[in-house]
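The data blocks that follow each hold one structure.
Same chain, two partners: subunit A is paired with subunit B first, then with subunit C.
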Partner chain A sequence: MTEAVQNVSQPQIQVENLNLWYGEKQALKNVSMQIPKNSVTALIGPSGCGKSTFIRCLNRMNDLIKDCRIEGRVLTEGKDIYGPDIDVVDLRKKVGMVFQKPNPFPMSIYDNVAYGPRIHGAHRKDLNGIVEEALHSAAIWNEISDRLKSPALSLSGGQQQRLCIARTLAVKPKIILFDEPTSALDPISTSRIEDLIINLKKDYTIVIVTHNMQQAARISDYTGFFLMGELIEFGQTRQIFQNPREKSTEDYITGRFG
Partner chain B sequence: MAREQYLQQLDLLRESMFSLGEIVELAFKDSMIAVIDLDVKLAAKTLALEAEVDKLEEGIETSIFDLLALQQPMASDLRLVVSALKITADLKRILGLSMNVAKIPGKIEGGHIKPLTDTRKMADIAIYMLENSLKAFKTQDAELARAAAARDEEIDKLFYAVWVELIEMMAKDTSIISKATYLLFLIRYIERIGDHCCNICESVIYLATAERVKLN
Partner chain C sequence: MFNAKISEKIAFVLLGLSALAVVGFVIIILGYIIFNGYSAINIAFLTEMPRLMMTEGGIYPAIVGTIYLIIGSMIIALPMGIMAAIYLNEYAGESRTTWIIEMAINNLAGTPSVVFGLFGLALFVKYFGFGSSLLSSSLTLALLILPVIIRSTEEALITVPKEYRESSLALGVSKWQTIRHVVLPAAIPGIITGSVLSIGRVAGETAPILFTGVAYFLPRLPDSIYSQFMALPYHLFVLATAGTNIEKTRPIQYGTALVLLLIVLGLNLVAVLIRRHYRNKLKI
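Now for the complex of A and B:
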């Protein structure tokens, strides 16, 4: 681990000795990581290495899985998200998530974005502004501003994914988790989402799981390499891709295994 | 092991770099023998190496562009490809300078104006530097690269000493200006070759350690 990453002065997310079991099987082994604020952190590694399991720990998505047991701490703003006084709904407002397959609700474009703010009690008169701002931030406003009442499912895959990002932004999170956000998209839609992620880091802290190493190299500031449930190496992206310290990282990113 | 074809391409790049290094080394050594002995035949043989080097260099560049565009090398592979590109450019310049050296014997008639003792010393050090920077590339030995580059200072000192000596000789006897000027060029070529060897050593250190250093 590089000095720079070890001594982050104000990490947005601080993970300490995280262990996770699915029944008997241990999926995460003593993972510690400090994720700096307003940065993009990419998590890479072969299938089954634990990277998706890890990212799902950051907004307690694994709570929903039967027989899943977690030890260790995940702190955001100094507070353990697994602590007893944490409201999970409130946590997921602060830590948004975008998934591999775009999953808009079967309702209008407008209602998709307004859904979160409504359940969190936004005033009706503020909704239009919130929806427009979120769609702007997700770089999709210009394409759909004249058909906000159309069904969200009428949009293309790339547009649907940006709509899902707008839906996440509408509740003003601090952190956005992306789990393979472009693996179902064509190259142009992928570039749009990548540009968007780079722009979003001004206001948010971003963690992205990706199988596409070039994508990790292009858009992230920090990269973590997972293998068999362990965080093998975590460092600045330019260091990981030019001079990884661990042989298994080198072997993975040069395509010698995986 | 995955990516068989890619790994073969990297091996091929390495092999071609070694071959390029060998020919450039030969060209430099022979050009120095030719100029010291004023051996016009050997000079002509040396000049003929240029075409072969051009062909090799073109092939290396093409394979580097292909690797970058099609294989997106990472980590130590990336460092190999980038340093190969830079080293190729330095070797090409060393060859060009050796060609300049090899053209001198054809222009000097009736022997040198002075014994080329210090010039020979300069050449020996430059040859040592070239041999060892290429060996360091082969074995990815950063320490050897540093040691090779460290000798550049000796060349620089000899360069200034010979420079002053030649200027003084020309001031005393204007009839030697033409021949002396060729010798001035000669020591300048050797000095430049030393600098290119330092560049190669910098590339080798980057290749071996990812550290970027200035040795010149």
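Now for the complex of A and C:
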């Protein structure tokens, strides 16, 4: 661990000795990490290195996978999210997730954003405000404010992904996980989403998995490099990219493999 | 090269002829029934009781009986089938028990309808004491179509993209709420298709109701779920094989067949429209 990270007084997420198996195969080996509040933390590494598996541990999406076994602790606000008194459904309200492929529901734009709050019991009269605010925060309001009732699937890929971000914001999480959110998008849509992520960090703690090292360098404050299920190196993004401690980190970011 | 071309031509001709033959048979059967039956159909035929030992008059009680059967068996089988399918597909996971249940459903789907009839007679008519009645017949037909409804609902659920479930769960929405608000609406077109297939079966089946409640002739409509009833397919059978004057009732027979056909086709059409409505709502 670098000093920079240790100095952060209260991490938003603290991962301790996380191990994960898919059946017999170990996919994460003893991963520990402290993710600071109101920052963007990027997770990089070659395909199959465990970075997506890791991020899905943070909102317990791996619970859905059969034969998946997890050991270790993941603390947010001092509580282990794998502890016995944790309600997974409540946890996921606090830890939102945006996926690789834009995946709005087959409903109207409005209903997509209102979906979460509605189910969580938001008042009818508050709903319009919540939807508008979320769409503003996701930087898509100006493009679609005149057609909230049209189907979400009629939007372009980049717009759909920002709609998915708005849908996540509407639930008012504290942490947002992005699992390669721009890998299915064109460069212009990608840069919009990158700007958006940088903006969001004032209010949220952000963890992003990315294949794209330039993206990690552009938007993140901290970077973790994964290789074969291990967290090889974690630190401030500048340090990781300019002065990596590990040979394999350097090899990866200079494009020697991966 | 030459051989490949020839075999291509032969295959094309054979396949084309098969398709043509199938379409041809359908057209011939439909045409024959329509041609012979349309002259029998008029308002009186559809709204009057049979008269003079069923050699004259209408088929009103048989139409009503068939419609009651469709409604009755659907009320029982649809909720049960859909709920069972949701359980099997979304909750049960893969275990020995699930495997046995799936096997049982497959076997149920392949069981001859006459066996269902006997079963209904033993269980509903005798054991439960519902008697020979609309209720017993509806229950028997419900069992008959249950596997069809479970299967098609399961297939519809499987085609709902995993991404919908994941993104709903990731919003802190519970599993059941996800199923109710995202998965089921997306699966509705497929579920409707399955239900319609089974409506066709309910309208057309004879053996199961023969044992459990259909009447040879009734001068009135069923007045409760414990009444006997008339139904179109059995009425047709009676007129054509056991009637008092088979030759004389020939037009009524074709008319009955045509009405049965129209009911089934009409329901199919309604289902296609409903399905299209939902598809349009879901897609762009």
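The rule is simple: the second predicted complex is superposed on the first by the 257 of 258 C-alpha atoms of A that agree within 3 Å, B and C clash if a C-alpha of one lies under 4 Å from a C-alpha of the other, contacts with A are read in each partner's own complex, and residues count from 1 in each chain.
To be clear about the criterion, a contact is a pair of C-beta atoms (placed from the backbone, for glycine too) under 8 Å apart; a residue touches a chain by one contact, two chains touch by 3 or more.
Keep in mind it's a predicted model, so treat the numbers as computed, not measured.
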Open item on the list: Quick check on the subunit A-based superposition: subunit B and subunit C, clash or fit?
Closed with: fit
TODO: Using the touch definition from the top, say if A:Glu250 reaches subunit B (first), subunit C (second), both or neither.
DONE: first
Open item on the list: Output check: A:Ile86 vs subunit B and subunit C. Expected answer is one of first, second, both, neither. What do you get?
Closed with: neither
TODO: Using the touch definition from the top, say if A:Met213 reaches subunit B (first), subunit C (second), both or neither.
DONE: first
- [ ] Examine A:Ile65 and indicate which partner it touches, taking first as subunit B and second as subunit C; both and neither are also allowed.
- [x] neither
- [ ] Return first, second, both or neither, reflecting whether A:Gln242 touches subunit B, subunit C, both chains, or no partner chain.
- [x] first
Task: Contact breadth on subunit A, by residue count: subunit C or subunit B - done: C
Task: Touched partner set for A:Phe105, first subunit B, second subunit C, both or neither - done: second
Open item on the list: Using only CA atoms and the superposition described at the top, report the least gap between subunit B and subunit C in Å.
Closed with: 35
Open item on the list: Please output the residues of subunit C touching subunit A within their complex, sorted ascending.
Closed with: 93-94, 161, 163-164, 166-174, 177, 181-182, 185-186, 282-284
Open item on the list: Which stretch or stretches of subunit A touch subunit C in the complex?
Closed with: 59, 61, 64, 66, 89-94, 96-97, 99, 101, 103, 105-106, 115-116, 119-120, 151, 153-154, 164, 167-168, 171
Open item on the list: Can you tell me which positions in subunit A touch subunit B when the two form their complex?
Closed with: 213-214, 217, 241-244, 249-250, 253-258
- [ ] Note which residues of subunit B are touching subunit A in the complex, please.
- [x] 1-3, 6-7, 72-79, 209-210
